[in-house]
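Can you keep this structure in mind? I'll have questions shortly.
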Amino acid sequence: MKPWQWPEDRWRNCVNRVRAGKRLTPPWPEGKRCAVALSFDVDHETNELRDGGKSIGRLSWGQYGNRRGMPRIMSLLQKYDIKASFFVPAVAANLYPDEQRAVTGEGHEIGIHGWIHELNSLLPPENERDLMMRSADMLEMITGARPVGLRTPSWDLSESTLSIAREMGLLYDSSLMADDSCYELLENLERTGVVEIPVEWIRDDAPYFMMSRIGPEDVLAIFMREFEQAYQEGEMFQLTFHPHIIGYRSRIWILEELIRAAKAKGDVWFATHRQVAEHASTAL
Amino acid sequence: MKPWQWPEDRWRNCVNRVRAGKRLTPPWPEGKRCAVALSFDVDHETNELRDGGKSIGRLSWGQYGNRRGMPRIMSLLQKYDIKASFFVPAVAANLYPDEQRAVTGEGHEIGIHGWIHELNSLLPPENERDLMMRSADMLEMITGARPVGLRTPSWDLSESTLSIAREMGLLYDSSLMADDSCYELLENLERTGVVEIPVEWIRDDAPYFMMSRIGPEDVLAIFMREFEQAYQEGEMFQLTFHPHIIGYRSRIWILEELIRAAKAKGDVWFATHRQVAEHASTAL
Amino acid sequence: MKPWQWPEDRWRNCVNRVRAGKRLTPPWPEGKRCAVALSFDVDHETNELRDGGKSIGRLSWGQYGNRRGMPRIMSLLQKYDIKASFFVPAVAANLYPDEQRAVTGEGHEIGIHGWIHELNSLLPPENERDLMMRSADMLEMITGARPVGLRTPSWDLSESTLSIAREMGLLYDSSLMADDSCYELLENLERTGVVEIPVEWIRDDAPYFMMSRIGPEDVLAIFMREFEQAYQEGEMFQLTFHPHIIGYRSRIWILEELIRAAKAKGDVWFATHRQVAEHASTAL
Amino acid sequence: MKPWQWPEDRWRNCVNRVRAGKRLTPPWPEGKRCAVALSFDVDHETNELRDGGKSIGRLSWGQYGNRRGMPRIMSLLQKYDIKASFFVPAVAANLYPDEQRAVTGEGHEIGIHGWIHELNSLLPPENERDLMMRSADMLEMITGARPVGLRTPSWDLSESTLSIAREMGLLYDSSLMADDSCYELLENLERTGVVEIPVEWIRDDAPYFMMSRIGPEDVLAIFMREFEQAYQEGEMFQLTFHPHIIGYRSRIWILEELIRAAKAKGDVWFATHRQVAEHASTAL
């Protein structure tokens, strides 16, 4: 049956599988006006491995994330004393356990990002559940920190992802786009208590530097507009970076400029995704 | 037979199925120099539903249109007291009936935009007729306003679309691109009395923010050039936006800047597509 | 056999089918320093017809070329008293004979651009020959002017195109890219006496406004750099426009700015492609 | 088996086939602060030949590299007295032997770049070995200079490429991307003594001018940021150009501006890839 032939319950069910519920915007802690939540998807070689790992060039590109991208990012976060969230495929953490131990050791958050950056929607449901649980275990085994949040690889949820997250007792997901601020996820219109920290292609480095090519100044200008308006609205400014994309000499300064501009406001709350989700969940 | 083998009547028939007739440019009402016709294609989740509705991420993106895009748009239109046209798939109106009742309640126009954003050219003719009629009925049932205009989803007309529009007594279509100003549509070289309010990818937010990526400043600059020249020529400036595209913090200001610039002229007629079509039809 | 397995004569034959010979740069007439050769590919609806003509929207876009694009172009050329070259598929000329009669009537050149914008490399050789000859006849029948030059649709030459052009006694082709200035075409390393007026994607409006999207200011800047350097080198600045691309309110000014900048030099020779080819051929 | 089903040794073997080892950054010679290594991939017609050589237009584009691109590049390098590296498919050198003799005659380096720009990963291993060896022989036969370095066409290494390079005793490869500075290549975690001079799409002209389209000013700005930061870090700034891409009137100035900016520092070491690799290898 073609979608234009569907009876109403068919498209309603589609829409209602996972949907945005209540917006969660309690006043920010300590009288702060705006939250800034930085995240880094540490894919490294898994981007290429998940597609079969044939390209030696792309694997080397992934390694760049570890050798040059991560050190530049970590150094900036230290310089400005900011805690951020790192979403890491289990295989990437396994390839670079010291890197991830340093991440958690310096007070950053580590979150689930698949086993080998696989697409959830292509997995048989029983395997998806297994991989998500093993991924969480692996990250904990390596870093000692138990993940409480999920960013699906390629922001791709299957029909089972949310219910697996609930079974695992996860606090939040950060893969969907129905709002600028946190909201409660509904599953088949039922409240879940799971917080969504929404992402957006607009606030991601990949669309500008991989899928298309625009100048870094233009990218900063877009991010700055997103931030300024979030600040005006007193809500949240969430960003997604990748060490193998933002971590280059000609791009890393974008991150520093953003941090500086936000710091200059004086009343911005830099927080990990976990902190944001915990705070947002007080409004559930 | 390959097109280069076609006899003359074959390619002539192709071209003549739907063609631009007389340009319709009576002097604008009240001594105004230029008309500005803003339109919003309120696709929300239907963009994804029409392709099968599998991607939970893209569905959430559609919901953004309702949660953040539409409120920002409505608030700007109120602030500047401007009436605009909203083209809404029946399923989107059904998902958000209050949203569309507010649209018409504040004096905006609602127009046909397919049942579930389906492509007309892929429909069997009997189904196309049925869906167009049911779409009009659904919008009227929800909002109390009977649509008089059509914007085909993805600007895609089938060979039957125009004749269905005529059968339904529609005043205008707004999906074609043969001119900058209104014109009468010809069907097989025969006058139809149906007004075309032409669209263009140049004056649409999607090519800049979805298909390609260019800076918002550049997009405003392009729109401003289109407007300024329309003003110089004393004709019409028509725009197509989407709540889930223009409705972001880093983009919504483009709409406000355009409105301000047009207001500043002092002799611009902001009108709904229906008003433009009714006015243009006096020159039929 | 894979290309890396080819014997030397196989790849040499490939390269030598059509190749650049002697560069043809006699001093410009009347002591001019630089030649500017403007060309317009008047595809109109044939762009869509050659692919089957199914899309009513794209056909309307083609008609825009006739209704708005061409009048703006013709008006600019009149204003600055410049003669240019128009390459027109026979079917487009047949659809708009008055348009093309006005083109030649105002002293512009008309050149061959296929029958229905078909790709030469996809034609059986006997059909290619027939279509090229019929195309030339049709343009002459409509305008009274016999074409002496060829621009292949989509700059696509078959292995037969050059030899057909020679058989027809054409003065020049303008579809290849081996130089910035005119050169003699060699066919299998043999001199042909046919002048090539090279084109380039860099000096074409389509890559910037159709295949990709960049701001019109950036496009002008690229064209200006090409012109300035051509002027410094004392060679030729050749451009390819399309009425349905450059003819919009937000783009047509690019053409005017270019003309103004070139006029301002005082010693630029604006010439049709035919004039350039006739002049260049004195150096054969 | 799907990658998410792979046992650990499977993805480890994938990653470890070719990997970055020790970073090689001995202090630059003569107290220089930063190295600038310019490279030119002289593909000319082979880009099209490797795909079958059917397109006469694309072949002419390749010839542009020889007729206009290379002379402009050579003239700039002479003007600023800079030595650079040219990676040349054997077939391209065979088509233009005088060009390549001039390259080595003026003190530049010539390196391996495939036989006919074939993709290594698509070759049967025995053919890859044969082609690499014949390519080196051909370059030496034409220019008298024996290549010591390799840039794989399209930066595409097969599983055999590195071991063939070792068998041939090559000093370096320049096709991978795991760092900003030179490093030793590991093969299955074993040291090879082969230096990698890493490339990057960011520092390549093709992504900006072929795959996407952005203004030349933006491209220069990106290159300048890469250079400035390399200079700050005291490391290396490596660039990849193509005569048929950078060699145009509207782009060649980018190369000159870069050279000028680097010269202006006063303590930059312009070196061929061979010189860089020889220097880096002192830190092995």
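Note that the chains are named A, B, C and D in the order they appear, and that numbering of residues resets to 1 at the start of each chain.
Operating definition for what follows: contacts are C-beta pairs under 8 Å (C-beta built on N, C-alpha and C of every residue); 3 or more make two chains touch, one makes a residue touch a chain.
What you see is a predicted model; the values in this text were computed from it and never measured.
Q: Upon optimal superposition of chain A on chain B over Cα atoms, what rotation angle is obtained, reported to the nearest 5 degrees?
A: About 90 degrees, rounded to the nearest 5.
Q: From the C-alpha centres, identify the chain that is farthest from chain C.
A: That would be chain A.
Q: From the C-alpha centre of chain C to that of chain D, how far is it in Å?
A: From the centre of chain C to the centre of chain D is 35 Å.
Q: Chain B to chain D: how many Å between their CA centres?
A: 50
Q: Using the touch definition from the top, which residues of chain B touch two or more other chains?
A: Residue numbers touching two or more other chains: 212, 214.
Q: Draw the chains as points, connect those that touch, then say whether the picture is a line, ring, star, complete or other.
A: ring
Q: Report the complete set of touching chain pairs.
A: A-B, A-D, B-C, C-D
Q: Taking the touch rule as given, give the residues of chain B at its contact with chain A in the complex, in rising order.
A: Chain B reaches chain A through residues 45, 49-57, 59-61, 63-64, 67-68, 91, 94-95, 115-116, 118, 123, 127, 131, 212-217, 248-250, 253.
Q: Mind listing the chain A positions that touch chain B in their complex?
A: Chain A residues touching chain B: 2-4, 6, 8, 11-12, 14-15, 17-20, 23, 121, 155-159, 161, 175-180, 198, 200, 202, 207-208, 211-212, 214, 218, 221-223, 225-226, 229-230, 233.
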